[in-house]
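Input: a single structure, listed below in structure tokens.
When the chains are written out, they are named A, B, C and D in that same order, and each has its own residue count from 1.
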Amino acid sequence: MIGARGRMGAEVVRAVGAAPDLEVVAAVDAGDRLSDLADAGARVVVDFTSPDVVMDNVRFCVDNDIHAVVGTSGFDAGRLAEVAGWLEPKPGLGVLVAPNFAIGAVLSMRFAELAARYYESAEVIELHHPRKLDAPSGTAAHTARLISRAREAAGLGPMPDATAQEEPGARGALVGDVRVHSLRLSGLIAHQEVVFGTEGETLTLRHDSLDRTSFMPGVLLAVRSIAGHPGLSVGLDAYLDL
Amino acid sequence: MIGARGRMGAEVVRAVGAAPDLEVVAAVDAGDRLSDLADAGARVVVDFTSPDVVMDNVRFCVDNDIHAVVGTSGFDAGRLAEVAGWLEPKPGLGVLVAPNFAIGAVLSMRFAELAARYYESAEVIELHHPRKLDAPSGTAAHTARLISRAREAAGLGPMPDATAQEEPGARGALVGDVRVHSLRLSGLIAHQEVVFGTEGETLTLRHDSLDRTSFMPGVLLAVRSIAGHPGLSVGLDAYLDL
Amino acid sequence: MIGARGRMGAEVVRAVGAAPDLEVVAAVDAGDRLSDLADAGARVVVDFTSPDVVMDNVRFCVDNDIHAVVGTSGFDAGRLAEVAGWLEPKPGLGVLVAPNFAIGAVLSMRFAELAARYYESAEVIELHHPRKLDAPSGTAAHTARLISRAREAAGLGPMPDATAQEEPGARGALVGDVRVHSLRLSGLIAHQEVVFGTEGETLTLRHDSLDRTSFMPGVLLAVRSIAGHPGLSVGLDAYLDL
Amino acid sequence: MIGARGRMGAEVVRAVGAAPDLEVVAAVDAGDRLSDLADAGARVVVDFTSPDVVMDNVRFCVDNDIHAVVGTSGFDAGRLAEVAGWLEPKPGLGVLVAPNFAIGAVLSMRFAELAARYYESAEVIELHHPRKLDAPSGTAAHTARLISRAREAAGLGPMPDATAQEEPGARGALVGDVRVHSLRLSGLIAHQEVVFGTEGETLTLRHDSLDRTSFMPGVLLAVRSIAGHPGLSVGLDAYLDL
């Protein structure tokens, strides 16, 4: 584990430690030496650190033939291409860069993408605690873009909407051609609903994250599966059998 | 029944006809004579007509000592005062003017008003078919205003909301100090959710109208109860025991 | 169309007639001659009839090189094998036998099957009008069996459940190893929720059928796609790109 | 605070300490002396202890003219009568015995009771973590009994239900004449839905407890209000203005 003293890192150390088939051989953070990981014989490294150090960490893993599961943000196309380049001479080695390890969020997005072409209408509602700074959430905006693209690929026209009088903001924000609505309420954690509608029926995909630990099953799945997915993978859905 | 050939009127005639304890003695519409109602011995008249004729209809009922259940829109303070004036010399006679006869909508609004003072946060989501012209719906806007007033009366301050970056419209429309979000999807009919939140818990009041007949139980309740509620009443909640 | 005067058949005739790219060339029912379909040049037949006549209808279609979309029930393994046999010498011809044409129901079942292996817990709630005779619904029972099989295939053990004191029936009916709960309420039509849970998160797939017309988009999709799916297909999901 | 080192007690001490208008003057637990509370000048005591010591604690409070907010379980009619007896000579003193301090749970139950008479059908779904021992939950069973009584008082007959073939348990447990369905899934905390239905519409009251702290707003409300509610009160709803 790199970033072992961070909030996410501490949870990962605890969850890996509790899994009967896995073991934490080394847990480092800022100030520790990465070589401890190699010395301890780590086969997979999990990185929840920060954008300014993550590239060095991944490079270290690749150089030492250690698979890397990376939850740190800040990966643009340039960084991804660089990592892919490092992996070229190492055909058996895997790196997973994933913005979201909550399996339900990943499944919701994938299912939304699959369902989009079969429905005339689609909108997204996301509900979060009131300390959140951005609206809509990154996951909701990403989901809306996936739906937009799937609708376009299927040749669907604009959604029906006769609204003629609108109180500003009532119909939400337009992301692609999908309306997104953001609620902020005390007591909530992180929740999302994608609602699809066609003649006489609706389909709703709802994901509720009730705890930071919702990321753990996805991290454990990645640690267990990475050896079977060599090369660079982006997004946990690459590891799900969908 | 006045307005018997309209969509709502036809449903009322059918529903009253099907009720074992009620009878339709006369059903008139534009072109028919109101005196038919008095001649037939009507004890209660239900009016679903239009703003330009409804005042004459109510006046006729009051003059003939017939209770009136009115679902027609267009009643402002002036019209209500006028009706109240007509009723003054008739202490046993009742007129109910109600914008919404769906019992669930009326209960939702009342419960929302009662709950509002106990929660830090409250938002409204309304979901309708895509042929609807206005956003938010009248019921949602009214609900938001009731919540705003209840919060103010309880001395609650502004809701917590750290949003610093907002895609325009994401946080919905502000009605009073309550955010309202309007969804328009094929397949939907008329639905509303009021979500309240405080530390560690949320309360959600959801009303689904799946059919125009959702107005009928409320109309029947009014017809049966009006003799016990003399004078002018505004809103079906006056007849509910809440 | 065969079964054109039945409730479903009449809806299909109306929906196909309203679709700009499709045409109803013949609509027959009990007492009419099937040869009218061939004479009118039908390329696809939709059959919503009854178990006792459907095999003759399908045989007629195959003999006359007409694709058949069949919503009639009563197909067991023997009947399916028989239809497959008829199709063998006709490599370009398609027959679709589907128990449910609501796209949302089909997607829900497929998504439930895909999600099942990633969650410790799964239960099904189905909610219907109170005139329904069986509990749980066929769709809910089928969904529960799909989840059970997917869990078994993924090597998942029993779901966690510490219940020690149970009021009889509180935990629902066991179908496979999945609990199914059936609600029957006035005002409802046909609704289903599949709820999955794992550490810190839940995923809910909800399908609402608000109208008999919810079957139409699926029937139209089948009519449009059948030429591209020769042979015998069972279930509309065979035509969805999942 | 009595029971200050228990899970609930520790939360209360934290929450009262964080409230600008309240102060924790003494926090005792098993082994400490109750007289510390009186010596510190406590005006209100909160008791989350156990059935075997709670009666002595309440007696101490009454003797020392301290209001008591009691969340400890185990109060039957005999114990309540005994407490009421102690309070007789102290007209200004209040004792609140409440089984549930989550405001949303209390509001849900009260709203369910109010709505019950207006709907043909009502059922309860409760969803909890899989470590729960009893099914249905105490709150769900209590809610079902309140609905049953309200239906009986309103003269409602049996709910419509045509079920003729039932997989054992599918229709839930019967509490009074209300069906209750219990789900147990990993990731859940404590959730309840009451669904009402009549012609063409449904009303759903949903309460989600996402955290043990959901009890705190109710405890604080009680501490602040008890001086205005002398005598014995049972249930937090006595302090809500409904």
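Points to keep in mind about this one:
In this section, contacts are C-beta pairs under 8 Å (C-beta built on N, C-alpha and C of every residue); 3 or more make two chains touch, one makes a residue touch a chain.
The structure displayed is predicted, hence computed values, not measured ones.
Shared contact partners of subunit A and subunit C, listed by label, are B, D. Ranking every chain by how far its Cα centroid lies from the centroid of subunit B, the top place goes to A.
The distance from the centre of subunit B to the centre of subunit C, with each centre set as the mean of the Cα atoms, comes to 39 Å.
Separating the centre of subunit B from that of subunit D, both taken as means of CA atoms, is a distance of 33 Å. Centre-to-centre, using mean CA coordinates, subunit A is 44 Å away from subunit B. Counting partner chains per residue, subunit D shows two or more touched chains at residues 119, 187-188, 196, 198-202, 208, 210-211, 214. Residues of subunit D touching subunit C in their complex: 119-123, 125, 127, 130-136, 141, 159-175, 179-188, 195-202. Against subunit A, the residues of subunit D that register as touching in their complex are 187-189, 208, 210-211, 214. Every residue of subunit D that touches subunit B in the complex is listed here, in rising order: 102-104, 107-108, 111, 114-115, 117-119, 196, 198-217, 221, 240-242.
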